[in-house]
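Next up is a structure, given as structure tokens.
Letters A, B, C, D, E and F name the chains as they come in the text, with residue numbers starting at 1 for each one.
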């Protein structure tokens, strides 16, 4: 089955990105497809590449990047939501005169159309947190 | 009167940083002192320097920076909370091998002791959002 | 003392939890989505009415205006601006925020 | 269809709002802080009991364990892991998350 | 053969201004309306608050996005539903809403949800 | 003459894990305890949940911070209060809590709040 996932809340502050991760991992290991994970609202902070939690805590951001690398899943950060929350890819950073991007590896910025399209293409949409 | 302010929530997603700003501005204009504003939990995102909201919306982050410059107020971001949420000053960025800091102008990173000390020194502590 | 509530009464128990603990003579400021608690003929506003003889209620007028509920709220509430909020915080202490 | 709730019943109306709308034959998954709704002898768990004859209730066991309430919850609830959550999402549709 | 259109329901359950969810939900709905699916919107629980007339958010410094709801009908949104019980609980009469909506009973709301292919939650 | 100590109250009103507030509140309290003020802690509403025994958060992937509550008494925290009504509403008996606390009635909780110099909210 083909799943689309929407994540609305910031990592660490809320458990919902953790639950979404556990769901995604279980789905992939059971042989299902994750068509896309769309990060909206404060959920865009899941792609904040400067995140450096204490060493005895899980790294929510790095965990997504590793999942994307291992399973090739599409991690899309809503660009409008990201601009309001200070997440930039290299293009955006250059355009605004910053010396570096803070988008974590494996994520890409794109528009809300990616959420709608995931709703069309996937068999199920699950929304985590809010 | 000497006020200490604690801000717990992310800008844009929550109105509480806006209300805290309006309170702070009104207090300063009435001749009161703002001893310190301490940003905790997702409130640390108020100091996210890459924030670029749509042009027809207020810029919450820039507004704090301007207030700090005009009135010389002390904007302190909790360093432990900031590490979990991807906010870094120049020292931290260098230490973790990033080409740029994303801490907005006028903010500084420091420990939770700054919140406690503000509670000791100020006449009032107001906590916004949660 | 001063109690501050910023959550909608139909989306959070904060108002009820505050009213249960607010002592005689204390003040309660409703702001942000808590302003909806003042709409007349609702469960929240009737609870507030029951406490009006022992607690002073305030609401931020800018929040009332933003939400388009200026004509809908119960009487007996002091509608204040940010400057009055500062004065309120000066005159009361300590401050407990319920969120 | 599948309803998902992730908020504490004593800090959010999500459970009540969901129960009011869940149709006969639908499923409700309680996860994260919504797991507290299953503690026996509480208002939330007695509301859930009233709906058990027409709605199937599930809870994520990892959330029960994390919160130390494994011995305190009412019977008749299917305690599942993340793999079963995936199966549940496959078998039900659409999905409404109440938060 | 073009792919079959899906039934999309956008469920709004949050008040405006206190959080950005109602505002960002509207951005998602307007985007969704461009995809030529069968789009319905449901305003439920605190989600009815953004529909109140005469909002003026200048003094809190936030953008008043409520006029944008008027655009929904132009964008080809098929159905705009409001849960009647949510209005009553919040002391709101249907003529106080800024746009034309279909009022639905709790039972109808349940059925509307069940009949969707995809539900977007805000 | 050293400055007078202030009466600090840390109010915990959130459940653990679902949000980080209980965890980060504890970090603030431990910091506060080092400042030699008169520190009290109140566990109120959902804030009583973090005190439950036998938490094991390994399977959700989060750190179990509940053992740290044991350190509070070592840090010189004067009073650890729990609102009794909050326990009852949540189906929790006082012997199910992981640390020794003072149970307080609603009336006592109100008075405790009123008597503080500063309240930290979490």
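As a working rule, contacts are C-beta pairs under 8 Å (C-beta built on N, C-alpha and C of every residue); 3 or more make two chains touch, one makes a residue touch a chain.
On a predicted model such as this, the values are computed, not experimentally measured, just so you know.
Considering only chains that satisfy the touch condition with subunit A, which of them also satisfy it with subunit E?
Under the touch definition, subunit A and subunit E have B, D as mutual neighbours.
Just to check the components: without subunit F, which chains are still in contact with one another, directly or through others?
one piece
Just the chain pair, please, that has the highest number of C-beta contacts.
By contact count, the leading interface is A-B.
Which chain lies the greatest distance away from subunit D when centres are computed from Cα atoms alone?
Following the centroid criterion, the farthest chain would be B.
Taking each chain's centre as the mean of its CA atoms, which one is farthest from the centre of subunit E?
Between subunit E and the rest, the longest centre separation is with F.
Indicate the whole-number Å distance between the mean C-alpha point of subunit A and the mean C-alpha point of subunit C.
38
How big is the gap, in whole Å, between where the Cα atoms of subunit A centre and where those of subunit D centre?
That pair's centroid distance is 26 Å.
CA centre of subunit D versus CA centre of subunit E: separation in Å?
Here subunit D and subunit E have centroids separated by 26 Å.
Just the number, please: Cα centre separation of subunit B and subunit E in whole Å.
For subunit B versus subunit E, the centre distance works out to 34 Å.
Touching at least two other chains at once: which residues of subunit D meet that condition?
Each of 6, 10-11, 13, 32-33, 62, 93-95, 97, 99 in subunit D touches at least two other chains.
Where in subunit B do residues touch two or more of the other chains?
Expected reply: 12-13, 15, 19, 22, 41, 57, 80, 84, 125, 127, 130.
Which residue numbers or ranges of subunit E touch two or more of the other chains?
Within subunit E, the residues that touch at least two other chains are 14, 17-21, 45, 60, 62, 118-119, 121.
Hey, which chains are touching each other here?
Touching chain pairs, listed by label, come out as A-B, A-D, A-E, A-F, B-C, B-E, B-F, C-D, C-E, C-F, D-E, D-F.
Spell out the residues on subunit D that touch subunit A in their complex, using ranges where they run on.
4, 6, 31-33, 60, 62, 81-83, 85-87, 89-90, 93-95, 97, 99
Quick check on the complex: what are the subunit F residues that touch subunit C?
Interface residues on the subunit F side: 9, 11, 13, 44-45, 106, 109-111, 113-114, 116-119, 121.
Enumerate the contact residues on subunit D facing subunit C in the complex.
10-13
Taking the complex as given, what residues does subunit D use to touch subunit E?
Against subunit E, subunit D makes touches at 1, 13, 17, 20-23, 26, 93-99.
Write out the stretch or stretches of subunit A touching subunit F in their complex.
12-15, 18-19, 21-22, 56-58
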